[in-house]
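Notes follow once the structure below has been shown.
Each chain carries a letter (A, B, C, D and E) given by its place in the written order, and its residues are counted from 1.
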Amino acid sequence: MPPAGGVIAQTALLRASRWRAWEPVLWLVAFAAPLVLRQYAAIVNEIAIVALFALSLDLVLGFTGIVSLGHAAFFGLGAYSAALFAKYAMPDPLLGLAVGIVAATVVGFFASFTVQRGTDLTRLMVTLGAALILLELANKFSEITGGADGLQGVVMGPVLGKFDFDLEGRTAAYYSLTVLLVFFLLARRIARSPFGSTLMAIRDNRLRAMAIGIPVGSRITVAYTVAAGLAGAAGALLAQTTGFASLDVFEFHRSADLMLMLVIGGTGWLYGGVLGAIVFKLAQDFLSSITPQYWTFWLGLFLVVLVLVGRDRLLRPWTWFGIKKLDPRLRGDDGL
Amino acid sequence: MAELLKVDNLSAGYGEAVVLQGVSFALDEGATLALLGRNGTGKTTLLNTLAGATRQHAGSISLAGNALHKLPSHQRAAAGIGWVPQERNIFKSLTVHENLTAVARPGKWTPDGVYAMFPRLAERKTNLGTQLSGGEQQMLAVGRALVLNPRLLLLDEPLEGLAPIIVDELLKAIRRITRDEGLSAIIVEQHPQAILAISDRAVVLDRGTVVHSGTARELRDDPALVDRLLGVAR
Amino acid sequence: QAAPFKIGLILPMTGQQATTGRQIEAAARLWMAQNGDTVAGRKVELIVKDDTSLPDVTRRLAQELVVNDKVDVLAGMGITPSAMAVAPIATQSKTPLVVMAAATSSITEASPFIVRTSFTLPQVSVALADWAPKNGIKSVVTLVSDYGPGIDAEKYFAERFQFNGGKIADKLRVPLRNPDFAPFLQKVRDLKPDALFVFVPSGAGAAVMKQFGERGMDKAGIKLIATGDVTDDDQLNDMGDVALGVVTSHHYSAAHPSAANKKFVEAFQKANKNLRPNFMAVGGYDGMRVIYEALKKTGGKGGGEALVAGMKGQVFESPRGPVFIDAQTRDIVQNVYLRKVEKKDGQLWNVEFDVLKDVKDPGKTK
Amino acid sequence: MSDVVLSCQNLVKKFGGITATGNVSLQLARGARHALIGPNGAGKTTLINLLTGVLPPTEGRITLEGEDITRLAPHLRVRRGMVRTFQINQLFLSMTPLQTLALVVSQQRGLGGRFWSALGRDRAVAERAEQLLAHFHLAEVMDVPTEYLAYGKRRLLEIAIALACEPRVLLLDEPVAGVPAGEREEILQTVAELPSDVSVLLIEHDMDLVFSFANRMTVLVNGTVLTEGSPEEIAADPRVKEVYLGHGEEAAHG
Amino acid sequence: MLTILFDGIAYGMLLFILALGLAVTMGLMNFINLAHGAFAMVGGYITVLLMQHYGVPFLACLPLAFVGAGLLGAVLERTLYRPLYRRPHLDQVLFSIGLTFMAVAAVDYFVGSTQQIVQLPAWLRGRTEIGDGAWTLGMGHYRLFIIAVCAALTIVLQYVLSSTRFGSRLRASVDDQRVAAGLGINVNVVFLATFAFGSGLAGLGGALGAEVLGLDPQFPLKFMIYFLIVVAVGGTSSITGPLLAALLLGIADVAGKYYIPKLGAFIVYTLMIVILIWRPQGLFVRQGGKA
């Protein structure tokens, strides 16, 4: 009776993991930006870094359903390890990046055991607390970290031994964009794979996920650890491209801003972080150059309007996702 | 007998999606209506619409002369609607007793009356809603609708998950309540036989419209018709 | 007509440090209003940016100001890490960086293009450590915020105080985000020193003083001595009677009795809804003067190295008193005053009663 | 190896002061079509939760194929072939039926940890998912996110998931509640037709179905086993009539 | 010794009073209202401005702060918050943070960014000491006052929630809005009242806390973490949970900072993490069933 060979099912399934036409376009534009708009190289670099950072949060929050307000912990770890490595060991950026990733990954692995159980709120607070403790630690060990003054004297060597970090920030922008793209492709692979689907299953219904044999605990550990590594990479990029690390990399508002960006762009579809980072950073830059004192008001207004009007309608007026999701508000008792 | 409920040309659904289209029927006071139909034909949607929990697009509902469709959901309970949702929807952070008292309205049915009807619930008075067995939740959902002291009970698959002995008792109770207390009821069921036996009227839905409407006896006596209306399309 | 002379002023305008930014911006604008916006034939343009106290943002803004706006001078810097993050850019692009607020000693060493017009914490702490033993204070507990400037203050105060024969009974550090000082103050009370030395960033000062009073420490015979951050002129007036009698040391008081200061305070208050200028404002005001004078010296030509050379060794009468820019360290050398909070015409002021002349930053004498 | 696949000895589960399961011992034979019946709140669902490891027992021992699994993590029990359905739907609401089934099949075939290839890249997985969709009348809604499905369809998906796990031991908790009369028999037929070495434990209140399905029955009352026997024995047992079946039409069957 | 205990209790009570409103909106209504601190700030500014500019006595300012913040809460609930109840939590976070940003900038614009300082009446400023030696108990009058207000509030609130039908109607509405409405609960009114009340409590907390914690436009962001800690540790299903959590944290924090000042900054966070890992639902969850 069933049509032969599962062709229909397979095509339907693979539809989700196909590249859409706009995706390469987006990346081309991103890579052209530092060339075409030279004066924006620095902000492109900054956006690429937070986009990578947001991508990391999307993996745990959007795909696995684990909220975290302490992602800055891994970001900071990456930043400090890369900076320290450059200062005391070797100025090579790629090696430093690897060091940052490894450091964050290792800590992420151990931290993943604290987020296994509990409600959203407890996870938020545990992760937040962990980041703040790291912050205080970095403050206390000021001989190594430079304490509140920050870690200075980080001099980076050229990327691949060829490209020096220039004042305009173009090398930095390309370096960060490339790292972002590499990790994005990795994350994309993971998200569309059976492994990624098991993460979504855990997010949707943990009880059922267990009941179909998904090892929930170890999946969360893997997802969280990978995400920590990505956050570490973002932190390392920041330290390397600014040649500086200071305590604020661990600060609460890093994690909070990150969460805002991701939610602005939408969780669970990978581009959310990228889009959110672009929108948030540009809005911030634009508004604060108009009114350096009161720009937070307008940013706040933007967020409020965004939520009230609906992100979908404001930012994603297109519909490549097969079935258009109903606005959740419309379900339920708005009877006459 | 006076007419209690009149549904006229009702269209309703979720968001922009229209599920029910041009549904009309009427029900007398003290009468029981069996609402039948295949899976996904809109039975639940119809009950939810009567309770005010969907988006209504057109048509009118009147309960004892009141224009129900003009009332917001929460005032419909006061107007006499008692609703047992399909997925029970027990308030999970309330105890069994609080589930009853939170919504109770003055009248003949009190929490104690419910406990008398379902002794099982009395034993579980201080359990939270989620700490009940499936059947207990079902009993509680029925009890919760009764303490509203409604004029019209909306029962969405009320027998599902109940032990046979409880099913018997509940059916008897429904019959008694409708007979003796003049309450009306609309019952959705997957089992036509059980429910047609105690119903006065029957409405069959298909794809959101009424495809049959008549007395319950008519359907009970005509298995072929039942099969045609409800049999699985193969 | 030559191209305008651009000053990129990067400050925290929002967030915890917002008042710093406001004071400095207002003072800079006041300077320009008073001295015109044309210097040696060049029109001076001020570009203000908010860095929200995030060093990486400061750095990016500096980068953009240098590359895109082609500014001639960078200025501002609310906190030490910001200044540190920008230092390499100043060096690389040969742009002078005038630090108007950040107060850690080592900043000026981070780049040969940095010139500071604010102060350093060691500078003001040691003055107090010299004064205290002469005024019957034999034992002291120090209480500082647990971050760079606080640790600087603690270190230099304690060293000098012990050198002068005083005894440090205990050193307490409070976390930067500390809503309640009760346990620390109780500890001090139980230790019964002659005085409590405090450094907390301005803003937290009022809370310390209030809780100090509430705990009856003054009645128990403990004096409160502090750096001037605690009785910040910005807020002093609202603090109420708890502040009365507190002895502080600092390089600037809005009550400094000089004609130059009177003029400055009046003009500042007039232009800013009666806001009282504080030590941040004077840092910004003098910073603008230093830039203007340097530009004049180059005859309007500018150029990074020439400007820095023009800034070095400037001597002038600031609202805070006589100051000069040490040609060697590019740091400011200034008088440090001892002040006591007093009520005059129903308002609270830091009234100066003693002065240590021409204090160099002791942090540089290592 | 004996032909008892799953057994429990002296299982006890207490919730605070309530004893939901009191000293239950039960044996499920290989290939059995075993029904578990009992009044509401008798502890049937709790027993399944204990067997599958959703709840830890207060006392007692559970063995699967001779192995003590009392403390084994739930997902490892699934790997050993013990699969269940839930009385109250437990579905992945944001996924479509197709994605859900493809995921379950992948996981079942040990591909759940694969992160380098796309879900559905494996043709065999897609094929099996498609079969299941067709079988459970879900093909036409295979691309609709589960949260928008009508109750009956969700119920079907619930069972389809369990079967997609290729169970050796299948525990069904009121699987067809909410499924229309016509489709009920069909679904249980599917279950009955599972290979003869697959054991099934069914909880169900619809006696027509139970009696046509089961070849062995256990009656649970107040957390303890009242009696066990063949359908005929149970139907004739006056105690069962009294506490459970009542004397309505249903009892006439069997 | 005793003084430290007393200070700890007072500090805990202060934390509690500030977090109480959040425990109501977040714990009971299940709405992540990060703008909670903004309502507290409004209460604080109402007090400060009324005292400074109109000479209103401190005691009279407290109820005004409650009413003012409550009214603002009611207005915002009707206009902005209502559509968001059933949105995902993350949307609520985004929205309420946005609102907080706006509040921060607006207060900055209208009042300025400097610290505002509350001048307490003389009778609240003093201090009483009893006993001597190691057992001296020194009590700041204002701290005593906070403890008293807090205790009274707790009792009233606990009564309202546990012994009246309003409490169970509220929780029913939160559990399932659609069905609660279908069963005759006027969900809108229940939420409006609760939200306004929670905002009022925040305002009161802000008015009481301004004295100790200081008050500037950054207030809502600066102390957000503390509110969240209290609610997280206390669990979100009752009022007594956050109360006990606040007391525990307050005492541990004060005592820790007194006895081991070096670890000052770590104590609260470490305690929180340990508790949350040990009891992920919070310390004091509502136990169902007969114990």
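Definition applied: contacts are C-beta pairs under 8 Å (C-beta built on N, C-alpha and C of every residue); 3 or more make two chains touch, one makes a residue touch a chain.
According to UniProt, the chain labels map to these proteins: A, E = Branched-chain amino acid ABC transporter permease; B, D = ABC transporter ATP-binding protein.
No experiment lies behind these values; they were computed from the predicted model shown.
**Student:** Show me the overlap between the contact partners of chain A and those of chain B.
**Tutor:** D, E
**Student:** Could you find the chain whose CA centre sits the greatest distance from that of chain B?
**Tutor:** If we average the C-alpha coordinates per chain, C ends up farthest from chain B.
**Student:** Determine which of the two chain pairs, C-E or A-E, is joined by the larger number of C-beta pairs in contact.
**Tutor:** Taking the two pairs in turn, the one with more contacts turns out to be A-E.
**Student:** Using Cα averages as centroids, what's the distance between chain B and chain E in whole Å?
**Tutor:** 43
**Student:** For chain D and chain E, what's the span in angstrom between their mean Cα positions?
**Tutor:** Comparing mean C-alpha positions, chain E is 47 Å from chain D.
**Student:** Could you please state the distance in Å, as a whole number, between where the Cα atoms of chain B are centred and where those of chain D are centred?
**Tutor:** Averaging C-alpha atoms per chain gives centres 29 Å apart.
**Student:** When the C-alpha atoms of chain A and chain C are each averaged to a single point, how far apart are the two points in Å?
**Tutor:** 38
**Student:** Could you pull out the residues of chain B that touch at least 2 other chains?
**Tutor:** 52-53, 72-73, 127, 131 - these are the residues of chain B that touch more than one other chain.
**Student:** Where does chain D touch two or more other chains at once, residue-wise?
**Tutor:** Residues 15, 18 of chain D each touch two or more of the other chains.
**Student:** Going through chain A residue by residue, note those that touch at least 2 other chains and give them in order.
**Tutor:** In chain A, the residues touching two or more other chains are 136, 139, 293-296, 326, 332-333.
**Student:** Could you pull out which chain A residues touch chain D in their complex?
**Tutor:** 1-3, 5-10, 12-14, 16-17, 189-190, 192-198, 200-201, 203-205, 207-216, 322-323, 325-326
**Student:** Tell me, which parts of chain E touch chain B in their complex?
**Tutor:** Residues 165, 168-169, 171-172, 174-176, 178-188, 237, 286, 288-290.
**Student:** Can you list the chain C residues touching chain E in their complex?
**Tutor:** Against chain E, the touching part of chain C is residues 14-16, 18-19, 22, 146, 172-175, 177-180, 182-184, 186-187, 203-204, 206-207, 210-211, 213-216, 234-235, 238-240, 275.
**Student:** Of all residues in chain A, which touch chain C in the complex?
**Tutor:** 39, 42-43, 45-46, 136, 139, 142, 147-150, 152, 167-169, 238, 242-244, 246-248, 288-289, 292-296
**Student:** State the interface residues of chain B toward chain D in the complex, per the touch definition above.
**Tutor:** Against chain D, chain B makes touches at 38-40, 44, 86-87, 120, 124, 127, 131-136, 138-139, 157, 160-169, 190-192, 230-232.
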